[in-house]
Amino acid sequence: MEQSLLNQGVTLMLVGMGTVFVFLTALVVAMSLMAVIVRRMRPDTAVVDISDEEIAAIGAAIRRHRCK
Amino acid sequence: MEQSLLNQGVTLMLVGMGTVFVFLTALVVAMSLMAVIVRRMRPDTAVVDISDEEIAAIGAAIRRHRCK
Amino acid sequence: MEQSLLNQGVTLMLVGMGTVFVFLTALVVAMSLMAVIVRRMRPDTAVVDISDEEIAAIGAAIRRHRCK
Amino acid sequence: MQLILEIWHGSGLYQISGGQVAMIVICLGLLYLGIVKKFEPLLLVTIGFGGLLSNIPGVEIATGDGLLHLTYVVGIETGAFPLIIFMGVGALTDFGPLLANPRTLFLGAAAQFGIFATLLGALGLTELGVMDFTVKEAAAIGIIGGADGPTAIYVAGQLAPHLLGAIAVAAYSYMALVPLIQPPIMKLLTSESERKIQMVQLREVSKTERILFPLTLLLLVALLLPTAAPLIGMLAFGNLMRECGVVDRLSDTTQNALINIVTIFLGLAVGSKLSADQFLVTSTLGILLLGMVAFAIGTASGVLMAKLMNKLSTNPVNPLIGAAGVSAVPMAARVANKVGLEANPHNILLMHAMGPNVAGVIGSAIAAGVMIMFMT
Amino acid sequence: MQLILEIWHGSGLYQISGGQVAMIVICLGLLYLGIVKKFEPLLLVTIGFGGLLSNIPGVEIATGDGLLHLTYVVGIETGAFPLIIFMGVGALTDFGPLLANPRTLFLGAAAQFGIFATLLGALGLTELGVMDFTVKEAAAIGIIGGADGPTAIYVAGQLAPHLLGAIAVAAYSYMALVPLIQPPIMKLLTSESERKIQMVQLREVSKTERILFPLTLLLLVALLLPTAAPLIGMLAFGNLMRECGVVDRLSDTTQNALINIVTIFLGLAVGSKLSADQFLVTSTLGILLLGMVAFAIGTASGVLMAKLMNKLSTNPVNPLIGAAGVSAVPMAARVANKVGLEANPHNILLMHAMGPNVAGVIGSAIAAGVMIMFMT
Amino acid sequence: MQLILEIWHGSGLYQISGGQVAMIVICLGLLYLGIVKKFEPLLLVTIGFGGLLSNIPGVEIATGDGLLHLTYVVGIETGAFPLIIFMGVGALTDFGPLLANPRTLFLGAAAQFGIFATLLGALGLTELGVMDFTVKEAAAIGIIGGADGPTAIYVAGQLAPHLLGAIAVAAYSYMALVPLIQPPIMKLLTSESERKIQMVQLREVSKTERILFPLTLLLLVALLLPTAAPLIGMLAFGNLMRECGVVDRLSDTTQNALINIVTIFLGLAVGSKLSADQFLVTSTLGILLLGMVAFAIGTASGVLMAKLMNKLSTNPVNPLIGAAGVSAVPMAARVANKVGLEANPHNILLMHAMGPNVAGVIGSAIAAGVMIMFMT
């Protein structure tokens, strides 16, 4: 039996909004979990080290480029 | 009756240069008209406003980019 | 008569390394020749002139761009 | 003599149709909006000029071997341009405010109701015999309510390429009109005291969280809704390049040369769909109308969702930031900020509104994934 | 042993033909002109190197699946590269001097006589049996007289792709030789007193006029000569992005990353047409000869037109700026300025010469449109 | 209800295979190496993320009309991306240290022994029945020993595209691991006194020599080994643009926007070969193993060659710089410098090691040309 267009639309709307909410709820949960885990592990100091080294590397690249 | 190549060339030259001159004359007329209309309407102050806002927007973008 | 895979490999290795060495030897010879010729002709002063003019041209381009 | 006749027959004056004249006027209008009114100029200027080129009679530009048609085939039919733009958006977007306050994702979710309500509206108009849209077309029209240009172009290119011109023009025009469309709706649905609600300062977000966020987002999409993975994936890739700190040269190029080049050709290619025979059809009117409705419903849904959250939680949300959930980054967030300042001159909502604002981008991409899953 | 024979048979030394040796020498000559003499280096270096690559025997580079051949197919056969370059030229060009003094458009028109005279010359040589050019080929050769690289490549790609290498090389070489070719002609046709004519200071041009100019130009082309619309349209688009002030990031990318990338691949792709079997034909000699004539006639026509305008008008024009009408931007304008300074050390003609100079770009594109209309 | 089932069947959770889970973990590992360990981040981040996208079930990204597959077809199958990267490498490379000390080319030659030894090893394993590689596959695997990413991708794309993912991952991973792989080998093969050898200051290299070098290199390739001409040609072109001094705007764009854009899409396209069904095969294990061996043998050969040169010449070479001959620019040169400093804190080998380092790039490209000549 063919659904009417309007029926199809209502179904799509319900399923669509449902999916959007389920997905974003899952994302909220995942982000909150992630935040908790990250804060427990405190790996940020290590990360700061990275950016320092990066800056040095960029500086070196610039120097290398300049003194061609 | 086939035209000789040279005849074709002469025709092309006349029509071609004619078109170029007609077009550029039309452009001269259009530009002069435009200049007259624009100077009568003096909308330049409004335009200056634009560039001010633009500069602010660019500034904001740069700041946003910097303080990522 | 089909060669064994291993035989093919050995041949490829010998010919390949041979080619690499022949080529790079030729390049060493060519570079050394080039260096001798270039030093004999000393055209470097002319080249320095170029970069000066270039800098001026770039400067002009920047100015043109700025004062649009 | 015969040659002059040939020139005359080859001229635009001889060949031009009324529809083409009308479209040229419309495209000049788009340029006016972009240049003088500064409405989404990056897209309205390029689309508008592309539209001008597409309505020049007697020459292949937007058809056949013309540059704009080739660009359309290469960049839009394949989906490449909107996906690359999405990568650029990812590289330009700071998801920090969202990470600091994940709840605002619900506002971005709610605002997508505009998409589905419009889909329903389009099908309703068809049922009533006013318009004649298929389900795919209705879905492509609904996505205008996502207030996100590349998502709308991507979905329209997949589901209803013949409507792409009208859909893109509607999407970018209404995104530009957000400062006019949203405030009355926001004020209608909120009380003065609600608009004065102050929100707590956002917490700092660590670099590690910022790096893990795009990966988390991608993995969740992969597990739950793979059809949204091209859009979300490119967004996440751009954002990872931005945040990881080790590929800054790629991130810089993505944010500048690459997104600019693609924007130019995307605009021209979309403009190639503004030819009179494709744009001047009754469905365009319906699309423009429904697009406007979509924006209004999306705005209202976001605000109402914020009010609902305030009912359920003790930590209050200013309902104005719900309106930013439609995306239209960053215009909608600025509008929320401005309306908030009118009610309380010391209440800076901008950063709080950026959370739902970028959540709206993710929400629309998810809605797009749902549409594509059911339609193809 | 057999393998070593295979290497020997695969080597360039074994496979190279005399023609390829000759072409390698010619390409090294182009590189010399570009690098040491600084003649149009952006194109002569890229074309020259592309030509070197195309004359390496026994490997597909400029043929089959080779990168240069693919680049040619994608970028030149479609017309995309010259059109994108034209967009970049538009974004780089200041039409202010032309707007301040629209009369100079006539100088840009007159200088196109070089194009049509050369077309006639090519057909005349064929009639005489010296050469053997079709009308299409003659038209493509004539366009060298337009002194505009992308226009020449665009037209040659459409009308006579097998001559594209020679035409592009001739166009860029003679553009580079403008400082040698033009001065004697300019001095021959003008008196000392004419060369001393001072011109009135140019008026300021408002931002609004600058924005409206590219739109006016495009609409006029659309109405009068649609076949010129691809070239003129992209030029106008680039210029609108430059002048409108709201899409500066697109304009900057167009003027830098985009035009540079396309220039590199355009040069390599043109170089792919410098393979011995395509370039070392008698027609190349004819093309080089006719191209030189085209430049000379174009220069003379511009100067004579300026003298004619002085007869008809009270507001005098220095006839030297007529020579700038061939385009070759900005070299021809600089030459006019330099010759003027020799006659009168206080007479700065540069900005006055920029008017006909950019008018020449438009004029050549119109002439190209005429050719394409009649030939295709 | 039926729709919810459809969503469930469309979800990744339902469709995902064990292999895809494994590949997602592997790709997260590559991202970890790139981001946290900073191993070749430009490529490991892009390849890793491309690999993630390629293992999302139920959506065309790395297959069919998906963006990554289209990118692969357009950029890798044609060879365009690695060749453009090579042009960028040329524009970024200073061949000065090599010009100052041409002898170091022999070190770059010797290190290519790793390539051919690995080819032999791959065929040996096949003969033994452990693996099953064709000659073409063995050649493509061997090229990992060239320690040069674009060369490896170019050759694999031509000879064994189905192995490209594993080969590219191996090549870039081992290039990143150079600081771990090389030092023990270098110390094993050299005595303390050898590592202390000081080298004479490099002479200054004139601009003319720098300009003539890429031309000399190209001509030699054209005459001796044309199949290496695409790779070497693009390298030489990039370097000529860098050194000639008249096309700086092209050189700058090549070194920045162009190489960055191509790197992004090259990485994603290579990542499209990390789908579970293509990567999780036994040959991958063999490739990773053989790649490691290739690096080790290349390093050893370079060091031993330097010791041999010291036997034959009075002007001594520090054998540590021989290890830099594998290429892996500039990491291998830095490693040589670091190990040298450990032996003699006043001995700066960096510039001396750059000679064999860039020679290694040329050497690998020549080896690639040999492979391609015999295999196609």
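In this document, chain identifiers A, B, C, D, E and F correspond to the written order of the chains, with residue numbering beginning at 1 in each.
Quick note on the criterion: contacts are C-beta pairs under 8 Å (C-beta built on N, C-alpha and C of every residue); 3 or more make two chains touch, one makes a residue touch a chain.
What you see is a predicted model; the values in this text were computed from it and never measured.
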Partner chains shared by subunit C and subunit D (touch criterion as defined above): E, F
C-F or B-D - the one linked by more C-beta pairs in contact: C-F
Geometric centre distance via CA averages, subunit B-subunit A, whole Å: 45
Rounded Å distance between subunit D and subunit F, as computed from the means of their C-alpha atoms: 41
Rounded Å distance between subunit B and subunit E, as computed from the means of their C-alpha atoms: 20
Per-residue overlap in subunit A, given as positions that touch at least 2 other chains: 15, 19, 50, 54
For subunit D, residues contacting two or more additional chains: 3, 7, 35, 38, 211, 221, 224-225, 245-246, 256-257, 374
Contacting chain pairs - touch in the sense defined above: A-D, A-F, B-D, B-E, C-E, C-F, D-E, D-F, E-F
Subunit F-touching residues of subunit E, taken from the complex the two chains share: 3, 6-7, 10-13, 15-16, 24, 28, 31, 34-35, 38, 41-42, 45-46, 49, 52-53, 55-59, 61, 65-67, 70, 256-257, 260-261, 263-264, 268
Subunit D-facing residues of subunit A, complex: 4-6, 8-10, 12-13, 15-17, 19-28, 30-32, 34-35, 38-39, 43-44, 47-48, 50-51, 54, 58
Contact footprint of subunit C on subunit F as seen in their complex: 99, 102-103, 105-106, 108-109, 112-113, 115-117, 119-120, 122-124, 126-127, 135, 138-139, 206-209, 211-213, 216-217, 220-221, 224-225, 245-246, 248, 359, 362-363, 366-367, 370-371, 374
Of all residues in subunit A, those that touch subunit F in their complex: 11, 15, 19, 46, 50, 53-54, 64-65, 68
Residues on subunit E engaged by subunit D in the complex (per definition of touch): 78-80, 83, 211, 215, 218-219, 221-227, 229-230, 233-234, 236-237, 240-241, 244-247, 249-250, 252-254, 256-258, 373-374
